[in-house]
Structures are given as C-alpha cells and as structure tokens.
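Both complexes below contain chain A, partnered by chain B and then by chain C.
Presenting the complex of A and B:
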C-alpha cells in the first residue's frame, strides 16, 4: 500500500503511489498519472529539498504567484544507493565512441561502447550508413576505404533508429576513426584525413580519419 | 628442370638466400604464397614450387588448390543464385558467401533495360572488389571502356570443375610454354568446333553445337587435371579420345 510519508530509507515498487504532484516535483524513476506521482522502478525513494532562491522581501499588498515548481521538493527512485546514478543511454546529438564490427558496401555495423564520458553497461549496436560517412561526395564513398573491422570510431548519434540499431554519422571533421590497427597487426598513426600509416612496415591504409582535438 | 633452381617448399621453410633474385634497380617483388616479415625474413605460406623471375626481380610460389579466394581483376565464372533490388547474388564456389553483381554492371545497361538473368544462369565476370572483410563484387563490363569484352551471361553449354592450378595455366597467355597445357588447342586442331571460357575460380565453360563434343572436351580437361598430364601425355589422350569418338 502507499506510504503516506516517504522517507529516504523507504523502498518503492513500480506503480507505488509516492505523493501528489502539487507537493512534489517528479524526478528520475517516477512518473505522473492523474496528478499523482508514482514510482516507475524498484528502488530506494529519495527526496531532495529544493535550493531556496533568495526572493524579494514579502510585501503585504503585492500579489505573488503560487510557489514556482522549482520550490517543490524533488522525489526520485533509484536502484542503487547513489541517488543520481542512472543508466546512460545514447541520445540524439551525443558523441559516442564505438568499435566497427562488420562492413558491407552500404553500411558499417558498430558496437557503441562509450557515450560522452561514460562507459556504457551494455554494448548497443549502431549503423553508419554510407551516405553518413562524409559530408562531401556522399555518393562516391567506399566503406572499405573509410572503416575496417576493429577500428575505434568517434561518431555522433543522429537517430535512435529501430529496435536493432542506433544510426550514427561521422560527417564532421572531428568524427571518424581514432584508432586503427594495420594488416600487419601494429597500431597505426594518422597521416592526413584519409590515411593511417603503420610505423613498422611503412604501408598506408585508407580510413576516414578523425581530426585530433 | 634442375631441382635446386625450382625447389618444392613447405609453409615455414627457410629459403636458400642464393635463390632470391637480385637486381640493381628494381626492388624485390613477392607474389602469392610468400610473406615478408620485416626486416629481411621471407617465408612461404603455402606448399608449392618456388619460382623466380630474374628479369622482373620477382618470386612467387606455384601451388595447386581447390578453394578459390577472390582477388581483384580475376576473371571468374559464377552462377546466379537470386536477384535482389539492384544486384544479383552470384556464387563463385560452393559453401562460400555469394559475390554481388550489380544489375547495371553490364554493357549498355540502364535502369530501363536490364539483363534478365534467371537463377542458375552462368555469367563470365571480373572481380572488382575482394578483401577479407567483405563479400566480393563483380562486374560484367570493363570499367574503362564500357564494353563487355567477352564478359556477360554464358548461354548454353556446360560448366566443368577443374583445379585452380589448371585454371591458372589455361588462362596464361602462352599456355603451352609457360603452363604446359595444350589439350584445348589439340582438340581444336583435330577438327572439333567448340568455344570455352575459363574462370579463375576453377570452372571451365564449354559450348558447342554437338553435345558429344562438349562431353569430350570436359572429359579431356578432367583427365588432364586428375592425371597431371604433361604435354606429351595430353597428345596421347587427345588421340585416344578422338579415336573413341569416331
């Protein structure tokens, strides 16, 4: 049954009533249904008091609006003890680091490893289509000269895609291959925007190279 | 053939340094079957005969196998498996993934006029893209001239399987001197009328008006291949087959 006064040690199950929306601000792990806050997850309930902004001195004849939403305490439910740790997922516009799994003439299949600065818990599959590899001369891109399996690529999420894949793009200068291994097995260093070179054998291999920061 | 000049090597064997050709100006070129590990180690990776060419300063290994690995600019005979929106899936060798042949990679093909190839049809094509990360891609038209130059669908006739070594020797420019295979010329000299196409993937297509000729040519190829016949024995084989036919 619903807890009347949620405390920081209380456990909430999905669907449990947490309080009215007029008293609390919804945080992560909660949702609003018919002006009530319900928990979405199984976890600990946290209430964070709002930062009190220094307001003007109250005047008796001034009409002040109802308390702004920022002044309500925020209630959130999280799985672990740390109240603000959530599973990060790639969003549209995020820069991600991924490893190339497979290439076909029309797309490169990648596994997204890092989103922003966070290492993801699970590897999500992404797709870099041939028209999203470069900004110029999109119809003459050859995937074999842009990526190879095993490369580490910095890309940007352009779409959440369908059930199987995110859609990524490397069409800016700063996006592209940041680490590559040569056919001989050595780590290569970049020469220009379309070449990596093996320091031991001296052979160059074509890639779409990311501009170093 | 002096045994020391063209030795048989096994993978991993050390190569006698006196066999490696030297040249004043050209760098040494390694062909198939040899691998260079810097700085100066050359090692064979297949079993076969080490061949060197002083004039071009190159060395490679002649070896025979049955498994074809596509490489760029090879002429191959493939069988169409099925047709997708704008390409054909063509099988080059059994139990491998299909190569892709775009619908527009034929002579004079536009979006409106495409060739109609049914599943099971044979095509003579050239490999454009082949690497170990992707499926091979083919074309039936020369990219530079835009003409077919003998490529395209093979109508009628029959395809026979041969080993890769025999296919390579048949495709050599001077197959009798360099490759030691003359059986097709001999059969033609005996009056048989047929046409052939040789694919590097170990397939030979033979077509003729008479089915007996096709079977005869196929049998000659198979016996040359299995018996590893030299030029003399090929002559005897051809005579025997012609006698049996008449």
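Presenting the complex of A and C:
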C-alpha cells in the first residue's frame, strides 16, 4: 500500500509513505515521521521541481539573507480533486480583507472575510490596534481618523493573537481602507493617502487609505 | 400562541396501534451460532461525503449475522469545522476536538432518551482519545472541530431474552464502528491526520455446548455466543503500527498471561480489516 516512488497525480491516503525526507521537501498536506515523508491528507500527490536561479548570479552589492537550500523537489498533497471546499485559516504573513465592525480609541475590531485568495466559511475576528495602523507617527494615530465601521480594509496578519482575535496591521502603503462609505451613505473615492471624498456632497473624511496596486 | 419549536402530537386523543402477535419462538432454539471463521469480520459498507452541509461526513453499515431480527450496526458521522472557537475558551495553539456519540431513540432494544446518557458520554470520550492520537492538531491553531456520530441501529438481537450483561459488549462493537466511521469522515473533511485510524474488536468467548477451552474470535456478536469472558477494542494506526486507544474488559484466567496479548493482537487484526475498507472507500472518492 505504501508507494516508495511517488509518481505525479497518484492518490495519497493519510499515513501513506511518499518518500525519504533526504530527497524531498515537505509541502502542504504532508508530514515528516522518522525522516520519511508521509501524506496527511486525502488527495493527489504533486511533485514540484525547484526553480533554478536564472542565468549567472549577479555580483552581490547588498546584504541579502542566504537563499533557502531549495535544491530538493517539493512534494505536496492537494485536495482539489476531492472537493473544492477546503477550510483555510488566516496565518501570520497573510494578506486578508476584512470589514470593520466597531472602533474604540485603542483598536478597531474587524471580521476577516477573505484570506489570500479564498473566501472563509467561518467567521474569524481580528483586531487592528492603534500602534499597528501605520508605520510612522504612531503616537498621532487616531482610530476614528483611520477606520469607520463598515469599511473594507486590506490588512496583514501579524500574530495569531489572543483567544478570540487575530492581530492585524495596516502599516504598509498598500494596506488600509479600500472601500468606504460616507456619513451620508455614499460610496467614496480616495483622494490622497489619508482622505476619502464623497462624490455627491463633496465632503472628505479621514481614513488610512490603501495605495492602489 | 402555539409552540413552534417542537413538533407536537395531534391535539385529540389517539389510539395506540395494535399489532398481531408474532409466532412464538422457542427461546434457545432460535439462537444463531457463529458461522464465520474466528478470524473473519463481518462485511462492511462505508461511504464518505454523505452529508452535504457538513465539512466531512461518512456512513458505515455492518451487515447482520443473517438472522432476521438481528440488526446490523448503522452509523452516521458528521464533522463540522475547523471553525472558530467560542469567545469564552482560552487560547489554544492546536485544534480542539469535541466528540458526541448519540444513540437514536430506536437504535437499541431498550429505548434511549433524547439526552446523552453515561454510556454515550463514555463512548464519546473513548472516541476522542482514539482520534486525538491520529490528528496533527497543531496544523489548525485557535480552532475547534465537532465530530457528531449518531448510531442509527445498534447491532442488537431484539429477541434475546437474557441479557448476559450484553450491554458492555455491544458498546465495544459500537465504539469500534465509531472510530472507523469518524476516521473516514475526518479524512473527508480534510483535517490533517498521521494515519487512518480504525477500530477492531476481539473477544474471548465460550460457546454453547462445548465445555472445551474458550477461544478468541474477532468481531464478536454477543448473541451468537454462550458467554463472553473478555473483550478488547483497539484503535490502531496501521502504517505507524501504533495503538491510540485500548479498551479491555472482562476476566481472564490468571494462569494464562499470554491470552491478554493474544486478544490485543486479534483486535489489531480486526482493525486492519476495517482499515482496508476505509482505504478502498477513500480511494473511490478521488478522481
């Protein structure tokens, strides 16, 4: 039952031997036990060859972290053949889209709607603390000048947080409010990095605006 | 204001149904003896993905012993999650398992209530230990998963008059089925497991008529034997060669210490059989 030489698009069952850890890198849906790689999901086996560095290596002119030793092909088990619904969890470093639920002077409570590319089934709560709103002049940040309830915010997960909330941050240019409605109830458009304007009344409201891609 | 939450009975008076008497059967004569070889399990039907609303589900049916009034085991398992924990629970770096096993009111000879009774709680906690050894819990931080099993038919001989303490032995069969069906449903839900865990039962029985030494059978049906001396239910990971849960009950003759390990060995053999069913049923769903 244990296949020693995994061919591409073979069916894997949890606990099935995929290969030695000295020859493959573990990808999603696999685990290592006693220096062997085993499947941990039901699905199809995929072996991805590592990407070779294109061309001759340029002369180093700045200090970069040493590249990971990615010479080994990565083996992963994908469930896409079994079912298209797959629960995902927000992880540290993911970019998420969320809706602001309520604001306090110290934090904004949001509901995480989309994690990466996938729409989440379960409702996960997140928290943007006042010191995580932007990278500069953190002591002048006011939550009510950055978010309002109902705004759609693009943010990054910085921590799994406490029992109930993920901790999110918008301290990058491309993170922040991407959709906002004015007090009059109209959808607004961004005018600069800290203002949204209502097209009908002409009033502008302060927000932490996300830089468009 | 009418009660909208419950399905109430009709308002007026009703008459209980009157059934024709069944032909009297001679007790003892109707007793069905085991025809399978001691190392053969009953046939099993397993299908995953039966409940569309759940993230994972499975249905398990074990055949009857051939006698009309002996029902087989019918289990339906749904897995909900991984989903966010309620606000009151403390931070957990791994997934929190909660298992619920419930007999349907009509599943056994004795009618079951709607609330969970101690035997159902017991089955649930045994199931939880069996599954916890198989799940890679730290892949899903801050989340919980609910595993709900309803026992639709409880594998009991409805005509057996004497109760020979059969309740406990029936629970073992039910537990082994619960482990098998929950393992298939967990895999269907896409929750990371180190292996497909499966349950198996072996028992030391004394048969009617022969006064010879007791023998060990796997997948026992209590009504087919004169007396069950001891039984064990194991949850076993075949590829890891590990036991995640072991439930042993009964008396063994003190003279034979080998018997204990033999019984566990046979339980493992039974669970290997049910694991084959899981593997082939899972393979069918891919594609």
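A few remarks follow.
Just so it is clear, the second predicted complex is superposed on the first by the 129 of 213 C-alpha atoms of A that agree within 3 Å, B and C clash if a C-alpha of one lies under 4 Å from a C-alpha of the other, contacts with A are read in each partner's own complex, and residues count from 1 in each chain.
FYI, a contact is a pair of C-beta atoms (placed from the backbone, for glycine too) under 8 Å apart; a residue touches a chain by one contact, two chains touch by 3 or more.
The shown structure was predicted, so the numbers you read here are calculated from the model rather than taken from an experiment.
When chain A is checked against chain B and against chain C, the one touching more of its residues turns out to be C.
When both complexes are overlaid on chain A, the residue A:33 reaches chain C alone and has no touch with chain B. By the touch criterion defined above, A:42 reaches chain C but does not reach chain B. Contacts of A:11 after superposition on the shared chain: chain C is touched, whereas chain B is not.
Of the two partner chains, neither chain B nor chain C is touched by A:118. Legend: residue contacts after superposition of the two complexes on their common chain; A:187 is shown touching neither chain B nor chain C. In the superposition on chain A, A:22 makes contact with neither chain B nor chain C. By the touch criterion defined above, A:105 lies against chain B but remains apart from chain C after alignment on the C-alpha atoms of chain A.
Residue contacts after overlaying the shared chain place A:80 against neither chain B nor chain C.
The touching residues of chain A, counted against chain C in their complex, run 1-2, 11, 13-17, 29, 31, 33, 38, 40-44, 79, 81-83, 85-87, 89, 121-125, 160, 162-164. Only residues 49, 55, 81-85, 87, 89-93, 136, 139-143, 187-190, 192-196, 237-240, 279, 282-283, 285-287 of chain C touch chain A when the two sit together in their complex.
Contact residues of chain A toward chain B in the complex are 102-105, 143-144, 148-149, 200-201. If you check the complex, the residues on chain B that touch chain A are 38, 100, 129, 131, 133-135, 137.
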